[in-house]
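Structures are listed in the sections that come next.
Look at the two complexes coming up: subunit A is in both, with subunit B in one and subunit C in the other.
So, the complex of A and B:
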């Protein structure tokens, strides 16, 4: 069972990568871009047949290790 | 008593730390991150580098290295615990210090001598310094930009837990003197008790004049002094 965890920087926090990228997009003519934010995606493959239990497990992983609640939020989706 | 300088895979400032502590008359030895008992040590340094390749987030994986349970226990008993650069990031990830460190404002690895101003002296890092001292110390980091949730930030400001701020050579704290975008120019913080402290620039690389500055001594001297009065957790000692 595959899950994709999307980790995003919490709104309001400095996002230097987003800032640098939006500057470049504007230079390229995409002047309607209002905001660019960076995050990351992590795919975990779990040996399980119970989707609810697997989701709980992935959520626990996010809270313990994969995301830092000080600066990040996360969401989990099943992709396979 | 001996100071433990913890080595994770990817740590690269451990010898600088041992050298500087030795210069100050302390005994310091390297301790591998799989060690689980630090009771015999009077203080702990988490040195700079790229622990576990900085994968996931800086400090995120190191925070679960076997040694960290012993570091947390030592911190709880009041032993001096000092994080330098990557060590700062690890202590934040471990929840021993509030906040987090993110990529520098200009997305550049900053490697140059900077100035910091001493803001409080009630911690193991700054007890040998005086408020207002301006120290010239090398900064060497990409994720040196300190952030914290507003309530944590307000608390550490109010409690005097900010030990050092980036400033210019005259001691003026300003945006221009902020090398990495760190919130409120924060270069170093401590926990409320003052026994866990961390600093983003490297005092151990400024501990002798041949390196261009010995200002880092004023910080490390405080740490070494604190290890001499460190609470003992090793009850086996002969009495």
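So, the complex of A and C:
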């Protein structure tokens, strides 16, 4: 069972990568870009047949290792 | 107009971050995890009312700056 975890910085937190990228995009002529923010997309493949249990497991992984719940929010979706 | 760009490494390319993460997950007891791969999720906000033109613009940004088309594949979706 495959899940995609999308991890984004919580609003209001500094995003230096986003700031640098928006500057570069403006320099390249994409002047209508107003905001850029960077996050992570992690795909996890689990050997399981129980979707509810697998989702709970992915959520626990996010809390324990993959995300930083203080600074980041995350979303889990099944993709396969 | 808001778009999410999901950038993933092309299959077969080394993913050291994924390898290190799967080892840590196994150590933590998540032994049914078979594969982990890392990518980027970039959210771009564009001042535009023409969806087709904005999508073309985001695609050009990916080709020129945000993704490495040799090593990465990307997907663009409108989210707002």
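Criterion: the second predicted complex is superposed on the first by the 80 of 80 C-alpha atoms of A that agree within 3 Å, B and C clash if a C-alpha of one lies under 4 Å from a C-alpha of the other, contacts with A are read in each partner's own complex, and residues count from 1 in each chain.
Here is the rule we use: a residue touches a chain if its C-beta (ideal position, glycine included) is under 8 Å from a C-beta of that chain, and two chains touch if they have at least 3 such contacts.
In this text, all values refer to a predicted model and were calculated from it rather than measured experimentally.
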A:65 touches, of subunit B and subunit C: first, second, both or neither? both
Touched partner set for A:41, first subunit B, second subunit C, both or neither: second
Subunit B versus subunit C as contact partner of A:13, first or second or both or neither: first
In the superposition, subunit B vs subunit C on subunit A residues touched: C
Which superposed partner A:24 touches (first subunit B, second subunit C, both, neither): second
Touching partner for A:57 - first (subunit B), second (subunit C), both, neither: second
Subunit B versus subunit C as contact partner of A:32, first or second or both or neither: second
Residues of subunit A contacting subunit B in one complex and subunit C in the other: 65-66
Of all residues in subunit A, those that touch subunit B in their complex: 13-14, 16-17, 20, 65-66, 68, 70-71
Subunit C to subunit A touching residues, read off their complex: 6-8, 21, 24-25, 28, 30, 32-48, 57, 60-61, 64-66
Residue ranges of subunit B touching subunit A (in the complex, touch as defined): 56-57, 60-61, 64, 92-93, 98-100, 102-107, 145, 147-149, 181
